[in-house]
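Two complexes come next, and they have one chain in common, subunit A, joined by subunit B in the first and subunit C in the second.
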Partner chain A sequence: MIGRIWTAYTVELRKALRSASTYVGPVLVMLAVAGALVVHPVDRDGASDYGFVAYATPLALNLLGIFMTLVFCSGLVASELSHGTIRMVLVRPLLRREFLAAKLLLGMTYALGLVVLVAASAWGTAHALGDTAGVGYGGEILYTTSQMRWAYGAGMLLSMAPFAAAVSYAVFISTLTRSTGPAAALSLGLWLLVEGIKHPLGIEAYVFSTYLETPWRVFSGRVDLIDTAWFPEAKYCLGVSLAMALTFAFLSVYVLNRRNLNE
Partner chain B sequence: MTATALALALTGVSFIAHDIPGLSVDSVDPFTGQNSGRFRNADLDGDGHPDLLLADSAYRSVDGWPDAAAAIEMPELRAACDVWQGLLYCRVRAGLDVMEWGEGHWRPVLTHDIVWARWRPPDDSGGLWFERFLHDMDADGVPEIVIPAATGLSVYVRDETVYREAAVLDVLPPMALCTDGPQRLWPADARSIRFPSRAMHCRLWLDGRHVTVITDEEGRGGEVWHVRRFAVDPRCGFEMTELESMQIALPPGFEPCALNGDGMVDFAGGDWSFSDRMPVPSPVFETQATTDGGRSIQVRRSRSFTPKCSFIDFDGDGDADMITESMGVFDGGVRETANRMLTSRDVAHAIEVRFQDARGRFSEKADVCVRVTISLDKPLWRQTDFGNRYLAGELVDISGDFNGDGYRDLAVQNSPNRISLFEYAGRGFPRQPAALLAFDDDAEVLVADVNADGLSDVALVPRDGGSRAPSGKTKVYFAQGE
Partner chain C sequence: MPACIQIAQVTKTFGATVAVSDLSLEVETGEVLGLLGPNGAGKSTTLCMLSGLVRPTSGTIALFGKDPLVQFLDIAPRMGVLMERPAFYNHLSVRKNLSLLAALSGREVTIDRTLDLVGLLRVASQKVGKLSRGMRQRVGLAQALIGDPELLLLDEPTSGLDVESTQEMLHLLRRLADEAHVTIVFSSHMMHEVESLCDRVAILNGGRLVACEATDDLMSYDSSAVDVVVEAPEGAARRLADQAWVESATLRSGRIEVRLRDGTVPQLTAFLVASGYKVSGVIPKRRTLQEYFLKVLNV
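This part shows the complex of A and B:
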């Protein structure tokens, strides 16, 4: 089964790489990082420029990145359904759940690509134009470069959890619709609706998007010289995000299995 | 509000509610956690229970609680007053009246004329006002009267039946000319030549036989504090010996205080600014302290505006501990922050305590951390009175000890008409409150030991249109302990 999923994944990946729309998201997040320079300039003035990294990363990922991930993943299954190509794909010895697993992996690859791209461009900019030699106060280094790198690296890893939930959610919406446009509109609209009502309903703790910023708390806190702990927020982030990712993945399999693909 | 106010004790500590008309309670001092209050406690009737003295009336204690039904009028004097062992000392313009309460009225114990070095009533007082002028410097059980004046610190001692000026301690800084505002030249009859005003500004600490005088002046990039400490010998005509004199240069925002019992003057302060790490600026509060005469400054930062109290002896070991608070509303990036501000009425709030060790160092990591949820009446962007009070740090108070165990407990006004009290339980605060106090109308919550029984009480001052209502409606929930 793993072999079949891997084969399907590589096929889907090649297909995505050939599509121009795949590159819209990466270009936009890089532009967002570059745009952050306008608000948060970086200079070689001896002062640490981790502030730019802490500013640009959540800006690019948690606003634009999540938006683009939802749009990209909403079209993963819906486009196959609308063109009828899913019937051709499933002619091969490939189960529907394996097909979905390949799509989920592709969505995760896209999200990982965005995270890596943002990290590389933010750190690259800070390195090239500014200083990244620890965070100090009153002449004393409170957080070394290595500590800041570790905090950022751990944040990158943790950020994949809410992105996994977002990918899974968008793929689930994608299985419900027949064309890419309505799928993207539905996934974004529903997400924004839940964003608007989660606090009044008191359900924010169970929504993955509440934790999109959690991975960067420690890094941002250190930049502000605020001693910020990983836990328990990281635990909630991981738990809720993975639970939602699994739930939407199973729901997607359920919906696709019951779907008549010949209509 | 009085009729329907409900004190509900769930576990542990319980409260008895009493109306105390006229009681005015101040907020705690941010560096000591003490509530000076505009009241005094003294056992007027000798029943062993401290009575409550206000500027216009006194409430005698009945069964341990100040009873409005047993209220007595204060003497009709325009005088500064202080209390000492059940006696009321009143400094009137031309003399001293010492009175005691007995047989249903105030009886003079000592009355004589005296010329005070300084006697100046506050602008808003038409009768009595409280001052702290009684200090037992020679530890003989009879208080001396100490008054700061232009010439120095005037000390009046009691000789048999009268108080007389025994010494003027030359410890205060000299008076300096003030810059008066522009004088009117027109109309012609309004023209006058005024004597220029003179003023002197310093902090004065009296601790037994020790006098500490602290002055400050603007320095480069901050303030320069001058600390002079004297020992006074009352047996030798109040002869003074200068123990130490030092200058400490500190950044702006520091205030002198006593954070531990090492005898040195400590400095603590705090200031907030906005962090530019997010597209939406988030507040960062910097709590600062130096316990070694300015050689090293300890700084702890948190996402918050100004909290109610930054230093308090949390664990009762005699050393002040550092309190920091974090507002959860700014936690979670620009999208989540905007979402919370626009749609959420519940805000998460964290209070952290960092203990001070024997070397005067505050812990790097929080020793005690408690998280509470405060339910605002409307989302923060609506800028209601209650929401603004939350942002001003008025809803959380960790200065009270309601059960008398020596550890501070937490009082949170987590909705406009409810207070939750959390008792410290060894290693932290339980999630469930020890007591809930519910009331009908919006009120400001202040913590103070009103009846001087060693247990903190909760005073509710009704609010009217976004400001404090007249103190005539103050209600106090007296803690009964475990």
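This part shows the complex of A and C:
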């Protein structure tokens, strides 16, 4: 099974790399990082420019990054259904759940790509145009460069949890619809609806989007000279996100397994 | 050896619509079965159920003695499927499309041979989206042939092909059946294609199997229909049409097409000779699949 999923994943990756639409998200998040310079300029004045990184990262990832991931992933199955290519694929020795696993892996690769790209652009910009020495106050270094890097790196890893839930959610929506446009509209529409009602209904603790900021709290806190703890927020972020990722993955398998692919 | 395909009392409904009803059918290994029927007869749904894309509402299907819903991974590598209106990744080349599909089949090595077999080598680097419908249909056949399948399920494979390409495809399929003993289920609206390719014909109507006969039996001589070549055919045709034992006598291209009700050919000949007509030929007529098809469907 692992071998078939891996093969299907590499096939999906080869297809995605040859599609122009795959590159829209990466270009946009890089533009967002560049655009952050307008609000948060960096220069070589001796003061640390981690503030730019702490501003640009959530801006690019939690708004544009998640938006682009939802759009990209909601087309993954829907486009195959609308074009009919799914019928070519699923008559091969590949089970529907393995096909979905390959799609989920592709979505995760896309999300990881965005996170790495944002990190590289934000750090690259800060390093090239400003200063990335440790964070200090009154001449004293409170957080060394190494500590800041670790906090950011751990944040990158943790950010993959809500992204995994987002990927799984969008792929689930993708299995429900027959074309990419409605799939993207439905996934974004439902997302916005839940964002709007989760606080009034008091369910925000159970919604993974609540934890999009969590991975960057420690890093941002250190930039503001606030010592922020990872736990218990990181635990909730991880738990809720992974639970939702698994739930949506199982729902996707259930829906696709029941689906007739006769047209 | 069990039949390659065993379908037993299969029914498929979509909501209130019955697409296939109580279908039972067996296809032997190496046999070419033609699926005929008007639009909406259930041909495509039957092929979709055989290929595992659609789950039957009731009944059982076995391919190579195995249930496609349970042992799909054992069946899929032995099966090639071409669905109606095949779809591809239009932004990729023919070769890339086939290479991706072959990778999923685990048979990447056979691509060039398959491309050559269906006459696609010269357009292998063109994007599929730029190809004509006929060429796309060839790509569809090529992807079905990847991995030398033992069973081919083909839904209107000649759709969009020109006459020459259709003949090439039919020859290729016949060769696969004769030389490699590939079992083929072939759905089409074209009677002459089914006549020339298939060993047996199954006719579906309204989701039901209404007839299933060996093609040779269907095409046998019809003892109740003859063409008569006679001098002064106009008069002879009128005389024949008046006889109670003649169903019809129609003049066509200087010959009389006679359909007998309860008469026999010797009786017909004797009648014409006795009536003073010089009979120079009585040619028995072969049934055509089209006639049989229309008769079965009561059209």
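Quick notes on this structure:
Heads up, the rule we're going with is that the second predicted complex is superposed on the first by the 262 of 263 C-alpha atoms of A that agree within 3 Å, B and C clash if a C-alpha of one lies under 4 Å from a C-alpha of the other, contacts with A are read in each partner's own complex, and residues count from 1 in each chain.
Keep in mind that, in the parts below, a contact is a pair of C-beta atoms (placed from the backbone, for glycine too) under 8 Å apart; a residue touches a chain by one contact, two chains touch by 3 or more.
The model shown is predicted, which means the values in this text are computed figures rather than measured ones.
Of the two partner chains, subunit B is the only one that A:Leu225 touches; subunit C does not reach it. Greater residue coverage of subunit A by touch, when subunit B is weighed against subunit C, goes to B.
Contacts of A:Asn260 after superposition: subunit C is touched, whereas subunit B is not reached. Looking at the shared chain after the overlay, A:Arg92 reaches subunit C, while subunit B stays out of its contact range. Shared-chain residue A:Tyr55: touches subunit B; no touch with subunit C. Once chain A of one complex is fitted onto chain A of the other, the partner contacts of A:Pro200 are limited to subunit B, with no touch recorded for subunit C.
Residues of subunit C touching subunit A in their complex: 14, 44-45, 48, 51-55, 72-73, 76-77, 79, 81, 83, 85-92, 96, 100-101, 103-106, 143.
Looking at the complex, you find that subunit A touches subunit B at residues 39-40, 51, 54-55, 58-59, 62-63, 137-138, 195-200, 202, 204, 209-210, 212-214, 216-217, 220, 223-227.
By the touch rule above, subunit A contacts subunit C in their complex via residues 7-8, 10-11, 14-15, 18-20, 83-85, 87-95, 258, 260-262.
Taken in their complex, subunit B has these residues touching subunit A: 275-279, 284, 297, 299-303, 331-336, 339-340, 343-346, 364-366.
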